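Heads up, the thing below is written out as structure tokens.
Order of writing sets the chain letters: A, B, C and D. Residues in each chain are counted from 1.
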Amino acid sequence: MDYKPDIPGNTFFNGEMAAKGYNLNKMFHSLNSAAGREAFRADERAYCEQYRLTPEQTETVLNRDLIRMIELGGSIYYMAKFAGVLGLNVQDVGGLQTGRSTEEFQAYLDSQGRGKTHG
Amino acid sequence: MAKIIGGITTSHIPAISNAMERGLEDTPYWRDFFAAYPPVRKWLEEQQPDIAIIFYNDHGLEMFLDKKPTFAIGCAAEYENADEGWGIATIPTVTGETELSWHIVNELIEHDFDPTVCQDIKVDHGLTVPLRLMYPDQNYKHLKVIPVCINCERHPMPKPSRTFALGEAIGKAVESFPGDEKVVVFGTGGLSHQLDGERAGFINADFDEECMDKLVSDPKALTKYSNYDLVRLGGSQGVELNMWLGMRGTMTGHVEEIHRNYVAPISNTGAGLQLLRHTPKR
Amino acid sequence: MAKIIGGITTSHIPAISNAMERGLEDTPYWRDFFAAYPPVRKWLEEQQPDIAIIFYNDHGLEMFLDKKPTFAIGCAAEYENADEGWGIATIPTVTGETELSWHIVNELIEHDFDPTVCQDIKVDHGLTVPLRLMYPDQNYKHLKVIPVCINCERHPMPKPSRTFALGEAIGKAVESFPGDEKVVVFGTGGLSHQLDGERAGFINADFDEECMDKLVSDPKALTKYSNYDLVRLGGSQGVELNMWLGMRGTMTGHVEEIHRNYVAPISNTGAGLQLLRHTPKR
Amino acid sequence: MDYKPDIPGNTFFNGEMAAKGYNLNKMFHSLNSAAGREAFRADERAYCEQYRLTPEQTETVLNRDLIRMIELGGSIYYMAKFAGVLGLNVQDVGGLQTGRSTEEFQAYLDSQGRGKTHG
């Protein structure tokens, strides 16, 4: 189903996005391997070009522009490997996408939880 | 006939095994989460299941977009993990299962399911983190694992009603398997979370509690949700409820919840845990 | 709405493209086979279909046993062939299709099919030989191809009734696609043959003729066969009838056979060819 | 479905056979590539051992024992690539499996056809 894009701040990673982002996600998928990560770190732009990203997609990689990356077809599962190369965890990535510091993002998460029952 | 003795729902995020690696289970952040696992481990120790059918999703390791299955089932004798982008954690090989798994495949085809059948796949954290949670010493070699991988990464994803039906078909296949094996079924992942976009950080604890309630008492109600609904109510990764529904579908007899926990947030997620005892119809 | 204008059944064996490479079409062995293709080419030339949905099987190129789909559908913008063991024949890139294909995927999931969705696959002779037969000069660039790959290599294979139902679901998806495209559907492979074992060389021309008859007038009768039946009646590769059934399932309106040929043996096979005109219900 | 093995001369390549023959078929699948074929030709036994075939499976490869190869889990689709490396076509392979020369096998095929209508 191609769902109405009516959930604010959410992009459905559907066929259209998967087609748009194929090379971008394929490049990120190659970061599963240590050799891929090493090559990426050595020359990020060249690595993107090797995977035939569009110039726009390459800019989002170089600029760590995660929101625009998603618009250009990035899937978070592959973007997570990119984040890993940058030494970022999912709370860092959450902060970056929502205009918060990591601590602020953690506080936002906490605000939606039920608190703790042990300890 | 082989028997499903129970089901377990659990989170499967990488942060969990990181915490275990670093001995953080008793720290304030993690304590409530890990404190709930000993009763489940005790039950597994008492019951000594022979086989675990593990519903999980592959987060971009094995099932890339080049050829992405809707449902994939493993029939191999063993499974290894692999580097998912942050270095390969050396974990013991997962023991596979090659008799019941092929029987399940035969039955799925006979009953109009269209699985991708896997004789050689790497398994990602979605499968290995639950194993580590259940066996912190990583002595899980004795347990034969049948991986069942659900597409949760690229819409369109299998409908909750379809994944539940897959579970039902798997459950019937287990019952018709001419052996005495005791089978436990895992529904891993979830509950509500959103990793991506401006909506990152979304959690819906009310919906999570409702899911855990209905999973036991009225799973069919949950199957009425579309994946759009699950994203709206549970975040983009709320679709991982599909694995819980697949597990629940396998249990066609009497289901009793004997243990539950819910902690939010754990990383970005509402982390649920349930132990369900199953008494087959007979 | 997009429209299925007709269907074509044809053999897809490598020996055909070898014969075309070597200019053997008019030799005694091949003459009866190739002589039947010009009317089909003429129909394609007159009709100018925009899109071809091609049911085929992968004979051990892309869909290895490590992760073997039951049904796989391609949504890519283009497809290449590859070396299948006897050197790569340099053929023009196959143009893919990225709109109707994703619509079909959405509809299949909505209607409880579980396809493997492919954004990057190599296509083998099962798909490329029919293209060459229809376009001997290999000028098929204008034709957008949607590959639909059926497991015919490892039991359990999808049941004939299931593959027919897949075709029906694909046909309905085409009808609901908001475009004006003219679509032709290929059912490739077959008919009776057995390559393996002491039973190698088995052909059943009577069964082949019956299949071609019933494909037009009573396809549901053919869907009552199991894959065991197809092996018994049509040889181990007799299961390739599944592709013909998939094609036939897409045509939910009035079907008229306007051309037929059958030559046996062509290599190890009974080689059938049919051109079916489709008038959608409306 | 695991069908009764009651069609003489036919082996259903089912789950059991696919499990049994996995390495054998994987080795044959590698012959899709020219490099694989070259390595195979250079040292067939070593190539089989690299793919961890059983000794029995290796013997069927070295001896071109196609019938026994099928019993040990060979799938004809992958065996066909092996036949290609040996310069054999499907009629040669048919002859080898049925105790006929290639010409005899062709005659057997002809005997089951309907003859020709053109030319």
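Please note the rule applied: a contact is a pair of C-beta atoms (placed from the backbone, for glycine too) under 8 Å apart; a residue touches a chain by one contact, two chains touch by 3 or more.
Just so it is clear, the structure is predicted and the values come from calculations on it, not from any experiment.
Colleague: Centroid of chain A to centroid of chain B, CA atoms only: how many Å?
Modeller: Averaging C-alpha atoms per chain gives centres 24 Å apart.
Colleague: Report the inter-centroid distance (CA atoms only) between chain A and chain D in whole Å.
Modeller: It comes to 46 Å between the two C-alpha centres.
Colleague: Please report how many Å separate the Cα centroid of chain B from that of chain D, as a whole number.
Modeller: Going by mean C-alpha positions, chain B sits 39 Å from chain D.
Colleague: If I count partner chains per residue in chain A, which residues reach a count of at least 2?
Modeller: In chain A, 1-2, 14-15, 18, 22, 26 touch at least two other chains.
Colleague: Multi-chain contacts only, two chains or more: what residues does chain B have there?
Modeller: Those would be 65-66, 105-106, 109-110, 117, 119-120, 154, 156.
Colleague: Using the definition of touching given at the top, classify the network of chains in this structure as line, ring, star, complete or other.
Modeller: Contact map by chain: other.
Colleague: Got a list of which chains touch which?
Modeller: A-B, A-C, B-C, B-D, C-D
Colleague: Where on chain C is chain B touching in the complex?
Modeller: Touch residues, chain C against chain B: 62-63, 65-72, 105-106, 109-110, 112-121, 154, 156-159, 162, 165-166.
Colleague: Enumerate the contact residues on chain D facing chain C in the complex.
Modeller: Chain D reaches chain C through residues 1-3, 7-15, 18, 22, 25-26, 28-29, 31-34, 37, 67, 70, 75-81, 84-85, 89-91, 93-94, 97-98, 105, 108-110, 112-114, 116-119.
Colleague: Please output the residues of chain B touching chain A within their complex, sorted ascending.
Modeller: Those in contact with chain A are residues 15, 26, 28, 31-32, 35, 59-61, 64-66, 82-87, 153-156, 194-205, 226-228, 231-232, 236, 262-265, 267-268, 270.
Colleague: Would you mind writing out the residues of chain B in touch with chain D in their complex?
Modeller: The contact residues of chain B facing chain D are 75, 77, 98, 102, 105-106, 109-110, 117, 119-120.
Colleague: List the residues on chain A that touch chain C in their complex, please.
Modeller: 1-2, 14-16, 18-19, 22, 26
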